[in-house]
Each structure stands twice: as structure tokens, then as C-alpha cells.
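Structure record follows, encoded as C-alpha cells.
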Amino acid sequence: MGRIRKDPNLILLTALLGAALLLPLAIRSNQYALVLLTTILLYGVLATAWNIIGGLAGQLDLAAGAYLGLGAFTTGTLLIRWNVSPWLGMILGGLVAVGFALIVGYPLFRFGVKEVWYALSSAALVEVLRVTFLIWSQVGGPVERYLPYHEWSLYHLRFATYLPFFYIMLGMLVLALLVNHWIRQSRLGYYLMALGENEEAAEVLGVNTQSCKLEALAIYAFIVGVTGGIYACMYGFIHPNFFSGPMSTEVAILGIVGGLGVTYGPVMAAILLVSVRELLRAQLGGQLEGLYLVVYSVVLILIALFRPQGLGPLVRQAYGRLLSRVAKE
Amino acid sequence: MTDTLLQNLINGALTGCIYALIALGLSLIFGVMNVVNFAHGDFVMLSMYLTFWIGLWAGVDAVFTPLLTFPALFLIGLLAYYALINRTLRQRYVTQIAVTVGLMTFLRALTQLIWKAQPRALPYSLIQGNIQIGPYTILASRLVSAAASVLAILGVYFFLSRTWAGRAIRAASDDLDAASLVGVPYRQTYALAFGLGSALTAIAGGLLMTFQQVDPTMGVRFGLLSWCVLAMAGLGSIPGLLISGIIVGAAEAVGMSLWDPRARSLIVYLLFILVLWLRPRGLFGRK
Amino acid sequence: MSAPILQVSQLTKRFGSLVALNNVSLEIREGEIFSIIGPNGAGKTTLFFNIVGLQKPDAGRVLFRGADITGKPPHKICDLGITCTFQVPRAFANMTVEEAVRVGAYQRYRGREVQRKVDEVLQICELEEYRHQRCCDMGLAPLRRVELARALATEPVLLLLDEAGAGLNPSELAGFMEILRRLNEEKRITLCIVEHVMQMVMGLAQRIVVLDYGEVIAEGTPQEISTNPRVIEAYLGKGAVC
């Protein structure tokens, strides 16, 4: 059964990837559309990474902004100060994020901080970092720090168009999905799912829940940290507001709406919700500030209330039905 | 130096009494029905805007607006309970969080839509002026607000211990099954707790507006702040809430005066994280 | 008489003012089916939790084949070969039966071997037909067998079963007991069962310990226990055995 279902999935994914690769050709040099698409991809990457700690391991992490910001500041500062290529910078940024995650995560998991308290303490973390970087004037400060301008420099990862960032982000998304897929099939994945369902039951089956959670947190932080480096280059500056609480919450919401633990769920949620949000903003934002968010939050509440399992299973069902119909013919 | 510090400490401790009142509302909601309400801070923000609006259009002073906003917030709380929370009681806590985060976004966007993003403040308050004690100057409105908060907390305390409805709420928070057995209707009790918890933010909102301005992003701050107070106090101890509120308020003020005005929330959140690490049940909690 | 596999000596566990275990000592021997009975709230589940490491005792020691394992984390104790099932099934609700069992199988196997172990355990527990069903869609009887299968996949030498027979109808119970007996005889797994269902205890156990209010009040063979006056007073007198 697994094999039969996997193959059409693979075909579909390849088709989607192909379509995504060709998409910029269709919209040509429409920068607005490119930014929108890249933003969707960005949220897709973040939510897919979140799926590891939030979806599989069931730890409601609200600190995506913390890791994103650390990655962005590491990459940006290295580039501004020492002209270090962001390609190296983003890896280091990822590692800084991992280091921070481990330092914070170890006591949290050691002392058994769980559920709502884990969520809140991670949310607090984002704000702590934002204010710290706001005050720490050598690196942060209240003014944007701009990365050096280049028309087209691969070394500096600076381009006058968003097109390369679209492809880089697409690459990150594929990478994040592969990591997710790989974990889902591995021992770590099974352990995470088990402890996400019931920690004590997982413990007596030999799962070292503490170290599994730390591993999941580290992988998530790394992906988000690297993405932060790309994020900084894409926007061309770094600012303490990159440590964004609302963004962190939104990443978690995308993961929940996509369906916890469903590998491709968060991407679908990102495509759906981020484009809805941006379209609403484009349509309504001009006239009435906040209206698009009103509509958006209502959509969110309705999905959470009436589809508590998320959109993932829904799409899986529809797709399964479609497949069986195709198979019959 | 010590004078400014003490001055700030006093101010902070007084504001902390209001934080305790806000956290009391949250503790009713979280303690009784175990609902994780991320929108609590935005109820505070909404109350502040309502106070502002009533103050501006009806000329009611912020001190008296709770007479109007208290029932209003109670009704809004009931509405939120029956429309949203009630449906999530049997769901996983992530669903609850998703719904209340939705509510949070909704409230923030709504206030932004109606009142725009810029900060709003009331031009005057009935309680004006300063009180001079030795070298320290205390804003009369802060002092009155703190006193009113403590009174409100006492009121809730008596409500919980002396009235049938209050006892029902406490019973439900201790042991829901046993409470149901002795005839406590749990849905109504939940609704009452949620309504009351939300209504308490009306008092806090009114009091805050006597010396503060409001903007739509404030909800997040009050939300995290009240969770911090609750985490420190633990569940079930009303005096503990008051002490924790004062500690948090004072810590905020000390951070601002000793370090940097922007460090205000930093200290609070660091304190919060530390408490979670070291005393997951809170300093005064019983469960 | 075979050597002891597990020795519990003077174990005490308090929750605030409540003494859940008071100076409990007992000995489980290699290869036997041992049973702990006692009224509700007698401390049976607490005893299990303290043995497998989910809770840490306030005093006393737990020895496994002579080595002190008191207060070790559960995953280490599982690695040594002790695991348990839960009174209220703690199903991995959103995982399929096969996935749930896999979690246990990873304890001792890697790669292809994992699947082999899973298949073997599913067969023993008669769960092959449920393989791809999600745990939250299952009835109580197969769910109890999933709990057992999960635990078995870790290849325990000592398996603690907490009221594994509760809520099963007579034919389901007979099937379950048959599985347990086979495990004990063929796989030489030492079993310790906490049980309310007397039919299961009397049918399986070779030795029984009776707990009441956190204390051991009797020990012996099923025959000795069922005629012990203290036990009858504390427990059987309430009509639990007919």
C-alpha cells in the first residue's frame, strides 16, 4: 500500500516542483509577484521546519523569530564587518541558532517545561532577543543596518532582483521537506511522534525524550537560522524587529493548520494562508488598515474550529479519492 | 540614585497591583477550565480602547467607565466562550491555542480598524496631581488604581469563597468530576469563569487608562505579562498573585531605571523563563 | 527456586502528606508470573512507576539482578530489560499500530531488523489485521494488545502489566491470558501483573503479593492468598472474588 501511494505522490511532487521552477517565467519580472511568491516559500520553509519540533514532537514552539533573527544577524554582521560571504554566513548563522537553542532548550526539557509553558517561554525568548539586540548597539540598535549593495554578486548574495531569492528559497523548501521526510522515516521520527503523543509511554519504551526533543529543536533551529541568513540578504538589511513575535506565532499557526506531523501540510497551509493574507492586504489594505487581518483571523479561527486535524488530511483524502478514480479508469 | 530607584520601585509595585488583577482573570480561565487563552492581553487592550471611547464620547471619567465596560466585557467574554472556547474544550491544546491566537489577531485587527494604529490617551482624569511622601512623588492616579485593583481582587476573593457561584467555580477547578457529581453545572460554570475573567480586564483597562496610553500592539505585552505573573504565583493562590504582580511590576521598573527604558519587558521575560526553569509550579502554587 | 530478577526493598513514596508506598519490599523471581493485587488506591500503579523510573522513590531501593537501578531514567531501565504497560491505555493515538510497535522495536534493532521484529510481535499479539489502523480508531481489546506489543518489541526480560485485563469480556480475556502464558513459557519473559480481574490473577500467577494502603499485607501462592484472613478482610471480603 505504501509503495503504490508513494509513487503517484512522487510524480505529483515532481510536477509541482517543475511548475514552481517555471513560475517566474510566467510572471516575468513582476517584482511584486516575485516577492509574494518568495514570501510564501519563506513561510513554507519555516513552517516545514517547525513541523519537526511542533508537529512530530508536539512541542508548541513559538520562537521561530528568535532563530530567524539570530541567523540574519550573524550573516548580516559577518558580511558588513568582515565581508564574509553569506553562503558561509548562513551556515554559521544556523549554527549560532542551534547553539542558542541548545542552551535554552536543555534546561527547559531538563526541568520538564511542557505544553503551554513551553509555548510561552519560547514566545518570551523572541521578545528577549528583540530587546537585547535593540539595546546592544554594537550589533543591533534601533536603526536598520544595510548590507553592501551589489547589482549582481553571487559572493555577497546580493541581487537587484528577487528572482535568485525565489530559487534559493525554493531550494531551501525542497531541502526542508527532504529533511522532514527523512526524519519521518527514521528512528528519531518515530521517537518524536511517540513522545508527542504521550511522553511517559514513550519513556518506558526506551525513548530518551529529553535528548530527542533537543535533537528536534536543533534541526529546526538550524534550518530556520540558515533561512534567516537568506532573509537578511533578500531584504538587504538587518533590524531587531526580525525577532518577530507575530511571525513566530504565524509559523506555528501554519504548522497547526497544515496538520500536525503531515510532511507537506505546512507548505499547503503557507500557500493558502499567506497568499490569502497578502491578497487581502493588497485588496483591502489601501482603504482600511487592519481589515485584511480581521478577515484573515476569521478564516484562521474557522479552520481551527472546524478542521482541528488541519488541512493536510483533508487534501490527502481528496487526493486519495482522485487517485482511486484514476486507477479505476 | 537610590532615590530614583526607590521612586521607580514604588511606581512599579503600584502598577504591579493592576497586573495582579489582570492575571487573576487569566487564572480563573486557565485554572478552572484549563483553557490556554492567548487573547487575554488583548481583552485588556480592548477594555482600554472602550474606556478611551466612552471617555471621549460620553465624557465618563476613566475611573467610572468600568461600570459600563465591566458588563460589556462580561458579555464579550460569554460570547467568546460560547462561540469559540466551548467548541475547543475537548480538543488538543494546540487547537485551543490556534483558536485563541485567531481571536487575539482578530481583536487587534479590529481595534486597529476602528481606532487606527496610533497611541490613544485620555486628556484628563478625575484623580489628578501627585502625592508627596518624603522625597518620593507618587502619581495620585497610580495610587488610586493600585488601591482599586487590590479592592477588586478582594472582591473576587469574597465572591469565590462566599457565594454559591464562586464556590462552584472553585470546586470545578479543584476536581471537575466531583463537582459535577454534587450538581455543579460545568458548562455554565465555565462560561461564568470565562466571562468574569474577561470582565476583570475591564477594571484593569479603566485603571490603566488613568495614566497610560493605549495602542493595538499592547495586547501581546499584557498577555505575556499576565502569564508571567501567573507562572510565578502558581495556580490557586490569590495573595500569591498579588505578590507576584508586585514583583513583576517592580522588576519592570528597576530594569527601566537601572539599565535602559527599553529593557522593561526584557527583565520580565527573563524572570518568567527563570521561574519556569526553577519553580514550574510557581512560588505560591498548590498544584 | 530460581534467582530473584527484581528486588524491591523498603520502598517509600509520598505525595505531600499522602503515603502512596510505605516500606514496600518484595521479590520477583526469574521466569515466574508474579502478581500484585490490592484495592483501589493501594499503591500498585505507584509501585510500577517507581520501578520503571517514571517516579523517583523517597526512600528504598530497587535492584535488578543485583544491580541498583533506583531512580534511573525510564529509557535506561527499558534498555536493561524492564518495561511496563499502562492501566489506562496510553495509545499513540495518531500513529498506526505498526508505527506504534516500531517505537519499541528501535530499542534493540536498526534497519531491516526493525521490521522483522515488528512483524514477529504483531503476530504474537494477533494484531496483523490491524497493522495499518490508527490507534485512535481501535476498540479496547485490541488496544490492550497494542500496548503489550509495543512493550514486547523492546524485548523485555521483565514485563510489568498494569490492569491489562480490565474492561475485557471473558473471551477476550481468555485470549489475552493465553498470549501472556505463551510469552512466559516460550520467551521466558518474567511477568508481573497488577490486576483487579481475579480470574486472570488466579489463572496465571504463581505467587501473589497483596498491597493495602501502600503496605504489603500478605504474600503467597494463589491458594494461600485466597484463604488469608487479612486479605479477606482488606480486600476479598468486599466480594471481589466469587
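Here are some notes:
Just so it is clear, A, B and C label the chains in written order, and each chain counts residues from 1 on its own.
Convention: a residue touches a chain if its C-beta (ideal position, glycine included) is under 8 Å from a C-beta of that chain, and two chains touch if they have at least 3 such contacts.
Quick caveat: nothing in here was measured; it's all calculated off a predicted structure.
In a view that ignores chain A, the other chains are joined by touching into B | C.
Chain pair with the highest count of contacting C-beta pairs: A-B. Per-chain CA centroids place chain B at a distance of 47 Å from chain C. The centroid of the Cα atoms in chain A and the matching centroid in chain B are 32 Å apart.
The distance from the centre of chain A to the centre of chain C, with each centre set as the mean of the Cα atoms, comes to 42 Å. Residues of chain B in contact with at least two other chains: none. In chain A, the residues that touch at least two other chains are 260.
Across the interface of their complex, chain C is touched by residues 1, 187, 190-191, 193-194, 197-198, 200-209, 260-261 of chain A. On chain B, the positions that touch chain A within their shared complex are 30, 36, 84, 87-88, 91-95, 97-99, 101-103, 105-106, 108-113, 116-117, 216, 220, 224, 227-228, 231, 259-260, 262-263, 265-266, 269-270, 272-273, 276-278, 280.
Those residues of chain A lying in contact with chain B across their complex are 58, 60, 104, 107-108, 111-113, 115-117, 119-121, 123-125, 127-128, 131-132, 134-135, 245-246, 249, 252-253, 256-257, 260, 288-294, 296-298, 300-301, 304-305, 308. Residues of chain C that touch chain A in their complex: 52-54, 73-75, 77-79, 83-84, 86, 90-95, 99-100, 102-104, 106-107, 110, 132, 150-151, 153-154.
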